[in-house]
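In what follows, structures are represented as structure tokens.
Below, chain A partners chain B and then partners chain C, in two separate complexes.
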Partner chain A sequence: MTLATRNAAFGYLLMAPSVLFFVILIAYPLGQTLVISLYHMSTLTRTGEFIGAANYTALLQSGEFWNAFGNTLIWTVGCLALQLGLGVAFALILHGKLFLRPIARALVLFPYLLSTVVAVLVWQWLFNDLYGYLNYLAEEYGVVDGPINWLGQSPNAMISVIVVAAWKQFPFVTIAVLARLQGIPKALYDAAKIDGANAWSRFWDITVPQLKPVLAMVIILRTIWDFKEFDLIFMMTGGGPRSSTETLPLLVYKEVFPKLSMGSGAAIAMIMLAIMLVFFWIYAGQYDREESARTR
Partner chain B sequence: MTGARMLRLGGRICRDVLVWAAIGLISFPLVWMVLTSLKPRIETNGYPPSFLPSSLTLVHYYDLLFRTGFGQLFVNSLFVSLTSTLVAVLFGIAGAYGLVRFRFAARGLMARLVLFAYLLPAVVLLVPLYVIVASIGLNGSLWGLVITDTTFALPFALWLLRAFVAALPPDIEAAAAIDGAGRFAILFEIVIPQALPGILATAVFTFIMAYNEYLYALVFINADQSMTLPPGVLRLVKESYDIDWNLMMAAAVVITMPILLLFALVQRHFGQGLGAGSVKG
Partner chain C sequence: MTTMTMNRRSLLVGATAMGSLAMPGVLRAQSRAMVFWTTQRAPEQTAVYNEIFAGFAKDNPGVTVSVQAFQEEELLPKLAATLAGGTPPDLISHMPPEFVMQLNAQGLLQPVDDIIKTVGEQDFYPNSLELLHDDKGGYYPGLAIVNSTTTGPLWYRKDLVGADGPAAFTTWESMLATAKRTNRRGVFGTIYPFGKTSMGDKLLLQTIWRSGGFVLNPDGSVGFNSPATVAAFEFIRELLQYSPAGSANYAYTETVNGFVEGRAASAPYSGRVLINVQSQNPKLADEISVVPFPMGPNGRDVFVGDFQSLVIPKAAKDHDLSKKLALSLLQKDNYIKFLHTTPSHNLPNLKSIATSAEFNANPIITRYQKEVAVMVTATAKGRSLLKESSAHPTNVKAGVILGSRVMVEALQDVVIGGLTPQAAAARGADRIAALLKA
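For the complex of A and B:
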């Protein structure tokens, strides 16, 4: 045996447990989702009849699906915009000189690590209509007369969950941007200073172009993650009131469990997978470009 | 001190005060969580609500730990997240080393599949995993949850570890191989010790991910005694007629404790870990 093939054999051996796991618990289930989506199947009995694409055509004609689709769009774009704004702002702030900066960094980054359930409990308490602190502040400072119904009416509920999600997720943007900021060579700024560029033009001509690649990555990744978010919305509102915060992942759950319509749920999951594949394809392309730029 | 210098200093102080006010706003929900958990109930459900408690009490923590099923939930959560982290990191080390250091067919494809699995929405696997877990009789068992949680823990750990192993210099391994060290010796005596900080960071982030998992626990577990924290605590809320917010905030604090400890442990690797080796620029 040559060294190269022995190498390959050992490589396969090391990969084997992971590959086995991937095949049984990721690849096979993915195939199953596709198969089940072609059946009219009950969650309880897990048997049913083959109905071809009927689940898909029924979905595309249902108001419920398009409502969830629209909500997913609002949710994803809303989260992304807020996270980017907050995330970049805090990265710039935490990059500069600041009193007790290490503590400031830890405090800003912490919400990202919190359990979603903790974020939900804390914010539900803040939003509480009787004793919640937000309503107390709003009334005390005369912003409103009566308590605001933060989660129980539309469009408040969607806005509230987006704010909570942005609060929890923006540190991801901060960390990524901060890491990039620290990597920009100081010489670039020094050279610009010598050429007489002021702080503003140094920001636009050096910082912004240097941040573009990392922002591209962050936007695609956060889009994928926000798009598939289930936990936060489901725990906060359960999709309500009257489906105004029901996104596609919540609709999958609703079809499969409360409605016991497994085939239809699988069909929505497949549509989600198709959408996610587009973003994955963009991300993988961007990732390869970054990788080759780095090793060049 | 000259006037200009004093002006600059004053400007900096103003700036820092403003920045710290913004940080205070971001941290406020967490401050409020801790304050509520230490406040007597009468101060919580009164108007106006007190900001700082007039007297501190640990009664809510006592109630939480000794009068509810919280302790069992906590133990279950630790069991599930530790076990799936262990599986994910062990498989992950071997897989990442194989992926980075050995040339074989479909290597690029494998790396791509790992990334794909890492980004895959949990709801896409929900239906078939439900069928699989039920058909092997692990429905409602914590072991079933270990299996389903590994579906996201393993790709995540693999993806992170791949970046850490790739960052190691291959020269030492090559030198050891020339000196006649066996393949497993190289893996255990050179690669793993060198990658140890990265492995620890990966283990911590994988643990936190599994510890926070909600959807699979919600779907696969029914009995109270095998619930994990996220769905279990929410069930405590729903079961009570009148939500005890002091108790809930105490629960939120206790749930956060392990994360806080681990975060302190690996804070230096924070950037690398969260970027998941994927956000470099």
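For the complex of A and C:
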């Protein structure tokens, strides 16, 4: 055996555990989901008949699926826009000269560290129409005559869950942006000042271009994570009122558990995977571009 | 050093193996860790379960029972996972009856006829036995451990309703008039929850029945789009003028809290109201009473019962031991001890217990005898979507229909979506038909 062959064999040996974990934890479940999506299968007995692509065609013809797809898009875009806005704004504030800055930086992480269940319980209390604080404030200050139906009316319910999700997740954007802000050389700002650039020009011509790579990464990652969000919406509205907050992950749950139809649930999951693969492809491209820019 | 450790380990392994072999055969066979699932999660209920199972372990040396409590919504996902893993629980309590028959239809449950016979078939309330009988197989796949109704009783504030008392809620018209009269700033006339939740679905189902309608007709066809359903929608739409704006998102907790905190003059709920009033708002304790939820002009006098059941998964390791465990829960002293953790909320499904001095000796039950009697009467008239009348065959898709929330969504179509009651009922019927066909 030559040295090259021995080295290659040793390389394969070192890779084997990772490959094994990949096969067991990712490839096998994925393959199983694909196979299940071709069956009319009971969730409990895991038996059923092969029906080919019938689950997919039935889904693509169902109004419920397209409604959930539309809601997922509204949810994802809404969450993303709000998270980015809040995240960048807080990062800029925390980057400036601030009294007790280290404490403020720690505190801003609080919503992100909170468990979803606790966050939902707190917000449900705030939104409650009988004893919720938001309605109390709105009525006390004469903004409204009666309580606002935050979660039981469209489009209030979707707006409310988006606000909660943005509040919970924006610290991720803040951390990422803040880290990048701290890495921008101060000399760039000093040079711009000497050249007579005002605060807005400095922000637009120095800060924004410097933030672009990290923002691109954050946008792609958060899009993937928000697209598959389940627990927050499920606990806050259960998909209601009517189907106004029913997103694709909730539809998967509804098919697999109450309806015990594992096949159609798996088919929705596969469609979601295909959509997320597009996002991941963009993410991988962006990552490669950044890596090559760094090594250049 | 390494060799020494290895030797010691080998010695320990060998000694354990020898010890196990030396153990009497009976003891080896009974050395079992049993798993018990329940949806009853209050700390006092868990404490009583632990106490009962400690006694069971004492009577059955080598057996231990661990209690795992979680929400009703988690039952099917967790059961699916444990069935796939080959580790189902030994006994499940408080499973909704619709799930029981759904699982039974898939051949996943062990008959519990032995338990029913040992306790005494005549002692069970007949409505629960009728509901949980597999007519084709000729056996019972589950038995209702409690016989209560959360939607049947309508609680009201005596101080707000005034001299009319129960007469204020005898018909839909009188309920509407009372709700309008008692509705004022800070206090709603009533609470009618219609969130996409179990309570929203069950209360609507009951309103349809009490309007004279069915979801499915006795011949199996969909009856949801009947004039009775339309009348129920119209009644609810009118009633909702006096119910909190957030009722479209309300479930059990919001309903009971709203009433107990004094924010509504009436609300449907089980006997838990009595417990919560004592602890959360005792000044209302003498100001509340209960009536059966009113009925429409051509209604049927039935309520939606809860019938949470005891079941043994077919894949459980030792059916005999599971049955013994189930019997320990139904043993008079244990059963009463458990029921008294939530007095008047979980009502007994054994007539001998319901009429026993020991059960009625509880301070809350004694104090509210009249109210408990109203709830027991309503409970005896309880049915389920499984079998909407005695003429109906068992609807094994009841769990799917309820779980999909298509019924309460039809009501939301009317109230939130602005559809006419006729159009919403027709849409709901189509969706139910699709579920039956799937």
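Throughout what follows, the second predicted complex is superposed on the first by the 277 of 296 C-alpha atoms of A that agree within 3 Å, B and C clash if a C-alpha of one lies under 4 Å from a C-alpha of the other, contacts with A are read in each partner's own complex, and residues count from 1 in each chain.
Convention: a contact is a pair of C-beta atoms (placed from the backbone, for glycine too) under 8 Å apart; a residue touches a chain by one contact, two chains touch by 3 or more.
Source: prediction; values computed, not measured.
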Aligned on chain A, chain B and chain C: do they clash or fit?
clash
I'd like to know which partner A:Gly265 touches here: chain B for first, chain C for second, both or neither.
first
What is the contact status of A:Met276 with respect to chain B (first) and chain C (second): first, second, both, or neither?
first
Scan A:Leu14 for contacts with chain B and chain C and give back first, second, both or neither.
first
After superposition on the shared chain, which partner residues are touched by A:Thr237: those of chain B (first), chain C (second), both, or neither?
second
Which superposed partner A:Lys254 touches (first chain B, second chain C, both, neither)
second
Could you say whether A:Pro147 touches chain B, chain C, both of them, or neither, answering first, second, both or neither?
second
For A:Thr45 in the superposed arrangement: first (chain B), second (chain C), both or neither?
second
Greater residue coverage of chain A in the superposed arrangement, chain B or chain C
B
Would you sort A:Gly70 into first (chain B), second (chain C), both or neither based on which partner it touches?
neither
Give one of first, second, both or neither to describe whether A:Tyr131 is in contact with chain B, with chain C, with both, or with none.
both
Overlapping contact positions on chain A, where the chain C interface meets the chain B interface:
43, 46, 128, 130-131, 257
Quick check on the complex: what are the chain A residues that touch chain B?
4, 7-8, 10-15, 17-19, 21-22, 25-26, 28-30, 32-33, 36, 43, 46, 90, 93, 97-99, 104, 106-123, 125-126, 128, 130-131, 133, 136, 140, 167, 171-172, 175-176, 178-180, 183, 210-211, 213-214, 217-218, 221, 224-225, 227-228, 230-231, 234-235, 249, 252-253, 256-257, 262, 265-266, 269-270, 272-273, 276, 280, 283-284, 287, 290, 294
For the complex, give me every residue of chain B touching chain A.
12, 16, 19-20, 22-23, 26-27, 29-30, 32-33, 36, 44-45, 47-49, 90-92, 94-95, 97-99, 101-105, 107, 110, 112-113, 115-117, 119-132, 134, 147-148, 150-151, 154-155, 158, 183, 208, 211-212, 214-215, 219, 229-230, 233-234, 237, 245, 248-249, 251-252, 255-256, 259, 263, 267, 270-271, 274-275, 278-281
What residues of chain A sit close enough to touch chain C in their complex?
42-46, 127-131, 146-154, 157, 237-243, 254, 257-261
Sort out for me which residues of chain C touch chain A in the complex.
76-77, 79-80, 83-84, 102-103, 106-108, 195-197, 244-250, 254, 257-258, 261, 263, 399-400, 402-405, 409, 412-413, 416-417, 435, 438
